[in-house]
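Input: structures, listed below.
After this come two complexes, each holding chain A, first together with chain B and then together with chain C.
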Partner chain A sequence: MAVLPPNVSQQQFDAAIERLKSVVGDEWVFTSDADIHAYRDHFSYIKDQPNELIPCAAVGPDSVEQVQAIVRIANEFKIPLYSISTGKNFAYGGPSPNVRGSLTVDLKRMDRVLEVDDKRNFALVEPGVSYIDLYNYIQERGLKVWVDTPDPGWGSPIGNALDHGIGYTLGPYRDHFSAHCGMEVVLPDGEILRTGMGAMPTSDSWQEYKHGFGPDPAGLFGQGNFGIVTKMGFRLMPQPEHWRNGLVTVPRRQDFIAMVDTVNYLTDLGMIGEPWYSGGLQALMNNTEFAEAANDFNEEEMDRQALAAGLPSWRVELQFYGSEGTTLANWEYAKELMARNIPGVQFTDGESLPVPLTDEQIQKSSTPYESAMRRNITQGRPGLGIWYMTGRTDFNPNAWNETHIGLFSLVGRGGEAVFQAQRDFADISRRLDMPGFFPNSLAVPVNWYQNSFLMGNGFGAAKGNSPQQKKDATRLLRRLLEENAKLGYGDYRAPPILQDDVADQYSFNNNILRRFNEKLKNAIDPNGIISPGRAGIWPEAYADLRGALRED
Partner chain B sequence: MGLTLVASTQIALAQDSDAAVRGKAKFDHSCAPCHGKGPGDDGREMLPGTHSLKIKYGDTLPAALEDRTDLTSEVISVFVRMGAWSMPPFRKTELSDKEIDDIASYIAVSSRAGN
Partner chain C sequence: MTNRRQFIKCGLSFTALSLTGLSSLNMAVATPEGHSFELESFVSDLRYEESVATAASLKAQGVPIAEISGDLTDLWIKQYSRQWKQKPMSLAGVTGKDALFVLETLAPDYGMRLIYRAEIPQNETSSTQEGVELISWIIVPRQIAEELS
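And then the complex of A and B:
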């Protein structure tokens, strides 16, 4: 399985490995097949194929100085690097690089929580710190701040934020990249850059004012390949005193429009946490007559059958953070607004609980309605409970989800836009013969990012696990992305095998965005050593690899 | 009963090596989020790894790793380094060989103590 970096001889590679060992110690340079195995994407669509994205080796630095030295060695030997933090970006490539034969810079050993301040509400961490680590650090010290965690908590706040990951509490904290405040980066030439107030050596505000003075390059390091981030600050949500939830249901399909408008209003006034939308009619899909109406978008018939079954067309579960009094007032206000805007809307009070919730309250909802809300992540409690989705369950006792990929398209944050997307996605999936993931008139958006909706349209689309089936599935996903883009639906995140495809679709003015980024890339990283190909940004040195993964 | 079990494990740990104490800390950090004995999320009876092994082994082996008497360091290494089903492999930067030895020491104690 051993692979060499592109255009690097065995002799040069061996020499580079010796140099790396002199920097980090023999113990932290990994070259054997057995060690490299853990740097592969466990859920890859191209596992064991000749183009699988396997690194040539991995190196585990313990300090910024070691990262600088590694970058300089990579420049000298023209070896492409790919940095990982905790390496858990599963569904988006895991720890695997964009270029086969890259040297993985494994930052897991840099796992220090440098500061958490629960009066000024921020943290400063290194890349190897996981959400679980940061949570434990806060709990052990009794600090009164929360971590906004993605679903699996073994990932890194830095890695997740840099791939534009999301969480589930209040809007400003759910967008993890936007919630960052100040970063330290080792640039492609080995120099160290600090953004925001970190650029002023004497400032006390690095984690409080991210813009500093002049252009802020921080955005280049998110889904980018302009440097290796070695420290990052995050704004943290203060622990609220109270949490409350409640359910809103509306009778007719078209009521979704006013429902979304009202939720947007409450969201943008900072009165609610993440709203959880769900369809109220999924149970009727077993009824052939209803399923036919739903697949045909026959709204009149859907409304008729919903009414006959006594079921709401849509549900949204709201949650409130604050004091007992303010959460109640906000819930009452939400009810008042909804009632003003939607005839026939109904409400069910949920739970009203002092924070922190007990383990029992986290583990099991006693809400007087069927709740879709995953309680631990709404409370900033990282864990791995969600991993059941990938593995052996009572419903899936003899197989596991070998191809794990997540595609979510941006959709306008309005009810009409969602309706249009439902029709478009249904039409596309029919044309592409993707019945296994068949969006229909019941599909709902997620409001992970406060200001936008995402709708899933490609999660686990593989039709089997043989190499040919995986190849066919990948081809299908590429076509799906193309068709989505024609109608304006772009993805926010993608694994390396699809990053060129997604980047192609951000094509305004002859792909000026990518051309601009590549101009910068070539200027800042003339040898193209930092993660070439990441987000479709290919430096000149590796330009011939653009789109190479499309060739089967 | 829970308190009795915790106490018996603590006594066993106190009587055992530092390795088992270190192993418990590492187990709690790196293994327990999926393979612990606690309930899963959203009202699920078990955490995903424990549930998966319950389905796999039925009544022939305990579902919780801390109750297993057959998990030597070598056996744990195979699963940790290779991965198994939806559990991805763990890198040496996450879990060193020595830490795997420590975890094996802890599991030897916890399974003996009937934890």
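And then the complex of A and C:
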């Protein structure tokens, strides 16, 4: 299994390992197969294949100074680095690098919560801090702030934000990269950069004003390969006094348009947390006649059958945070607006509870949430339950088929745009004969990012675990990305084996965005040592590897 | 002193234990290097009768039992994430593959490794979770794992 970095001899590699040991200590340089096992993407479609993206070794620094020293050694030996924080990121490549034989810089030992302020509502953390660590830190000290957590919550705020991850509370906090405020980065030459007010050594506002003065390079470090982030600040949501939720259901298919418009209005006024859309007619898919209508987008027939079955066409669940009085007023206002815009709309009061919820309230398994999973994440409580859910047959017919990839495309944040995407995804899926995933007229968007919709269209395309099945699935996903892009649907995130393909689709003006990034990359990182290939950004030193994974 | 072969045999006994309700397994295990470790926690997955039965017999031997129902959130946040930060632990379990996946993934971050796993055929009366296999497993500190390898 042992691999060497590209164009590095065994002798050079051995010398580099000795130098790394002198920096971090012998016990924090990992070279054995058993250790490397932890740095593999166990969901990869190329796992156990000759081109699997495994590292040559891993090194675990404990300080910024050690990260600087590692970067300098990498430059000297021309060894590509791939930095990870907690390294989970399953479905998007896990801890695996873009270049086989990279040296993984595992930042888990840098696990200090440097500051949490529950009056000014921010945190400053190192990369090895997980959402669960930060949550525990806050709870142990009785601080009155929430962590907006992804699900599962075992990853790190820095890693998740840098990969443009998301959460489930109020809009400004759900977009984790946008919610960051100030970062510290070790640049490819080993220098330390601080963004925003961190650039002014005497400032007390690093976690409060992210722009600083002049161009802000922070965006380069999100899904980028311009440095290793060693500290990052985040805006935190103050713990509300009260939480309430409510369910809105509408009778007809076309009502979805007014429903989305109304939810957008409430969202952008800051009155609701994450809206959770769902179809109301899934139960009818066992009825052949209805399934045919749904697959054919026969709206009249779908409405007729929904009415006959007494089922709503669409549902959306709304979250309210504030005081008991303001959450009630906002819920009443939401009902008033919906009733004004949608004839026949119905409402179900959800729960109305003081915050923090008790364990019993979180674990309650009655509607609207039938598991603790949703309750946890709407309350800023990190969970691990999604693995329990993912493994269940209802959610994944190939339960624990350990080959899945997350593909979510951006779709316009409107009802008509969603209807169009449903048709497009269904059509593409049919043409490509996508296994295990059948987009149809019941597909709904997720509103993880406040200002955009994402729709899943390729989660787990492999029919099985054999190398050929995985290879076939990868080809299929590449075709899916191409077909989606022709119709304007771009993905927001991808595992390394598909990053070149996604980057190809952002092709305005002959891919000027990628060419611009690569010009910067070559200027800032002349040896190309920081995560070459990430997000399709290939430095000259490794340019021959662009698209190499497609050759199979 | 238990050697590697005996250790693995111990693991096999452990599997048998889950099936038959045997209660004679000595969970204090010695390594070839002379180190010994005790089972510090057993994860009982309440979805499976086999796991509950195994937990009962180990509890009688003084092994601390941690209960889950598939979802590890509470166990992790309230107990393991804090304990593992202090020092690596030796633990075992009879759980669904979903729960093991989470622990197996987290273990290396805290200097621990999975050293034993075996799928357990579920009997007809078991409270089976369709699609989620039942596994018996052992996770130990990296140092012990290396001594055993």
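Keep in mind that, in the parts below, the second predicted complex is superposed on the first by the 531 of 552 C-alpha atoms of A that agree within 3 Å, B and C clash if a C-alpha of one lies under 4 Å from a C-alpha of the other, contacts with A are read in each partner's own complex, and residues count from 1 in each chain.
What we mean here is this: a residue touches a chain if its C-beta (ideal position, glycine included) is under 8 Å from a C-beta of that chain, and two chains touch if they have at least 3 such contacts.
Quick caveat, the model's predicted, so the values are computed rather than measured.
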Touched partner set for A:Y135, first chain B, second chain C, both or neither
second
Go through the superposed model and pick first if A:R109 touches only chain B, second if only chain C, both, or neither.
first
Contacts of A:W28 with chain B and chain C, given as first, second, both or neither:
first
On the A-aligned overlay, A:R375 touches which partner chain: chain B = first, chain C = second, or both, or neither?
first
The chain contacting more residues of chain A, comparing chain B with chain C, is B
Could you tell me if A:K364 is touching chain B, chain C, both of them or neither one (first, second, both, neither)?
first
In the superposed arrangement, which partner chain does A:A58 touch: chain B (first), chain C (second), both, or neither?
first
Touching chain B in one complex and chain C in the other: list those residues of chain A.
34-35, 37-38, 42, 86-88, 108, 132, 136, 154, 359, 376, 383-385, 387-388, 390-393, 400
Touching residues (chain side chain A, partner chain C) in the complex
34-35, 37-38, 42, 86-88, 108, 132-133, 135-136, 152, 154, 359, 371-373, 376, 382-385, 387-388, 390-393, 396, 399-400
Chain A to chain B touching residues, read off their complex
28, 30, 34-35, 37-40, 42-43, 58, 60, 86-88, 90, 94-95, 106, 108-109, 128, 132, 136, 153-154, 359, 363-365, 374-376, 383-388, 390-394, 397, 400-401
Chain A partner, complex, touching residues on chain B are 29, 33-34, 38-44, 47-49, 51-52, 55-56, 81-83, 85-94
Touching residues (chain side chain C, partner chain A) in the complex:
70-74, 76-77, 81-82, 96-99, 101-102, 105-106, 108-109, 113, 129-133, 145-146, 149
